[in-house]
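What follows is a pair of complexes built around subunit A, which joins subunit B in one and subunit C in the other.
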Partner chain A sequence: MVIRRFPWIRQSLVIWHKELRIEFRTRFAYSTLLMFAVTTLITISFSVGGFVPDSDITAALLWIILFFSAMAGLGRTFVQEEEKKTITALKMAVAPEPVFLGKYFFNVTLLCSLTVLVVPLFLVLLNQSVPLWAPFLTTVFLGALGLAGASTIIAAIVAKTEAKSAMMTILAFPVLVPLLLATINATRICLAGAPGTAPTTELLLLLFYNGAVVTASLLLFEYIWNE
Partner chain B sequence: MFWQSILGIWLTLVILASFLYMPATQGLGESGRIIIYHVPAAWVAVLAYLMAMVNSLNYLRRKDLRFDRQAQINAELGTVFCVLATITGAIWSRGAWGWYWNWDPRQTSIAVLLMIYAAYFVLRGTVEDPERRANLAAVYALFAFLTVPFLVFIVPRIYDSLHPDLINMEKRTFDMDKKMLVVFLASLAGFTGLYGWLYNIRLRVENLLHRLEGKKEVI
Partner chain C sequence: MLTQVKVHNLTKAYRHRLLFRNLSFIIPDQSVFVLLGRNGAGKTTFLRILCGLVPASAGQVEITVDGKILMPQEKRTHLGLVAPDLELYGELSAVENLEFFAGVRGIPFSLTKARDLLDFVGLRGRGHDLVHTYSSGMKQRLKYAYALLHEPKILVLDEPTTNLDEDGVQLVDSIIERQRRRGIVIMATNEPREVSYGDQTLSLDTAESGNLA
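Moving on to the complex of A and B:
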């Protein structure tokens, strides 16, 4: 089993590298993600104005921005392979699982580089301080990981439908509800920073959610890919 | 025809008994009578959704479109009964808590469940090729259903539940009046029979439609 897994890792890293290279040439996905997030953020900050919202509301706003940016930016993960007819070559080159992992790593990279820019901007524009910064960073990281994980397999389904990107939000939202509820609640706790509180349950839940989503995706991806 | 008549008479008796024979519930009063419809509807919804999961798994394993038709019918029936459970629940909630909807953990979970299957039917609608549709729908149903248990852990952290439980965990008893229990169990059996009957009709219709399409291609 161990010998069989190693080529997976190597092959998925090759696919990850290929994705990164294409992304550096076109900057299509990243600019979509970033522009979407910044536009929403500016709209929110603009409409809120000088009024500093409650941390309950800020936490929800942050994850609404990240969720819809992810939906806008990650929906094309597999569509481009279909449109440029590179899908057959990719199918011949590697097994389904490394393809999934490569795309997943790439989506994680995209979302993490998005949060690095957007989250500080968000905190500055909405004038928020973060008393529990370590759990907050963990929440953001695990949240981005989970968004990328669920989005990858949904994007694979979306690429096979006739409506394409329009389907992304519809299909992903019900799957992401537990993740969003957990991240929003964890962010709320971190921003409020009441003494003696920590979002332990939420972080554990996010960890298990990520594990479950990736495992299920690895098992189910084959049926979509070789369809 | 024989079994349909039995089912019709059975359910009529259940409806009559729920208003005439059964006493009003303690604490909840007259509004408690809705349990005779709400809980069996929820039970059938869970049963149909579980069957849809089994059918989806079978489809992915055997690639036989028969299983896809079964999964579709079970998902449809599950959604019908899930909507009934949501509506009866909201009506009761208005009587007991004052609001039709207040994001009680049970209400949150059922709303997410309905959203999953709404997305499932939208997905089925956007794919024309039957085999591709069956594949994508099965994968989506299995994947989405996997995330539902997480709600059980996260939602009570945000909203408290006021939903009554039938089984008293402390005393390990089933909190129900004798007369009520009889009507309740009869209703459970009746609803399950109703589900079986509807499933049978739908399956026969779908199979006939499938055969008709095959004939059309030949002509």
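Moving on to the complex of A and C:
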């Protein structure tokens, strides 16, 4: 019923399904994300050895890994359409907004599946306990959503530039600073687990950040897509 | 009048290079319009403007279907494009490509429909092969299946017989004839055989003010 009334949703799901199907066959983006995350994680775990870093450092390390993994793997969504010249066929068939949403859903799927693997591994390798599980999982989920949202719109901009791989991190960092500060702080609170504390402000900030990124992206995407 | 394309004072320039200026003409229903011109004359750019992929520097292209002037976002429903710079997804099979484009266009899809379309373009028995395993000619045939999938009123062809063998050229002939009965064909070519199909021709080499031949 909802899908029939909002064709964007149906079209976005068709694009999301196509992205998953191609990714399942090539495994390009997921391999990049996973390899980057796992190698960085193992390097960190070797460097700290048996030492258990405090929650400030652990929180920062977790989001550094997720940020750079996202930059390495999520930027390809639009670049591939440009490089393989499939963008014209897509532009001729569908409005810009469902394309953004479909790619966003795909990036969310990739990043969420990465966090499902990497976060437990991270906690085990760094010998870290999580006293506040529910807020911690909410932080990771909202952080992954925000990373995926900002990465998707920036990937669309980067696909139009010459130095694609370098531009992704450069353009994404200022956009992602509020998200990273909020997620690191929320993660730190969850890992420290002081009695009576909860990262309520940070979680609200993440919620609004996600809403703002998706709304702004939907408004701006048509101009980027038709450039 | 069911379908009509009206080009009014269309001008396109890239920085200081003028491609064409003040093109004005009407393409009536059930006709074939052929665009001629040397390499770099602006044929592909004209077709891309027509499809809404590139903005014009000045002027406009007005497309009327069933007596209604189309809004820019409605054009994609009624236009089918085959062009050298348009590729389909190599990691998907031909059937999967058609299923995807039917899905985003919101039109019904069935395996029978895909099989019929692929048979028509000469890809019988290859529908489930991944497109990156296709030859250039097979990819060109698949582009026709993609362009005809939603039965467009206007078929836009840029170098329509690129990479095709003699069978493929005959296929294009039959597609052009069929589309002429259904609506409009607009093509950019310099091939004498394809030029001969034109009810109207326009040379961009001499058409600064849009004189139709």
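FYI, the second predicted complex is superposed on the first by the 222 of 227 C-alpha atoms of A that agree within 3 Å, B and C clash if a C-alpha of one lies under 4 Å from a C-alpha of the other, contacts with A are read in each partner's own complex, and residues count from 1 in each chain.
Assume a contact is a pair of C-beta atoms (placed from the backbone, for glycine too) under 8 Å apart; a residue touches a chain by one contact, two chains touch by 3 or more.
Here the structure is a predicted model, which means the values were calculated and not measured.
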Which of subunit B and subunit C A:Ile224 touches, first, second, both or neither: first
Touched partner set for A:Lys84, first subunit B, second subunit C, both or neither: second
Partner chain(s) touched by A:Trp133 [first = subunit B, second = subunit C, both, neither]: neither
Touch count on subunit A, higher of subunit B and subunit C: B
Contacts of A:Val14 with subunit B and subunit C, given as first, second, both or neither: second
Subunit B versus subunit C as contact partner of A:Ile157, first or second or both or neither: first
Complex contact set, residues of subunit A against subunit B: 150, 153-154, 157, 160-163, 167, 170-171, 173-179, 181-182, 185, 201-202, 205, 208-209, 212-213, 216-217, 220, 223-224, 227
Subunit A - residues contacting subunit C, complex: 7, 10-11, 14-15, 17-18, 21-22, 25-26, 84-86, 88-95, 98, 226
Complex contacts: residues of subunit C adjacent to subunit A: 51, 53, 55, 73, 76, 79-81, 83, 85-92, 96, 100-101, 103-106, 146
Residue ranges of subunit B touching subunit A (in the complex, touch as defined): 60, 112, 115-116, 119, 122-123, 126-128, 131-132, 135-136, 138-140, 142-144, 146-148, 150-151, 153-155, 157-158
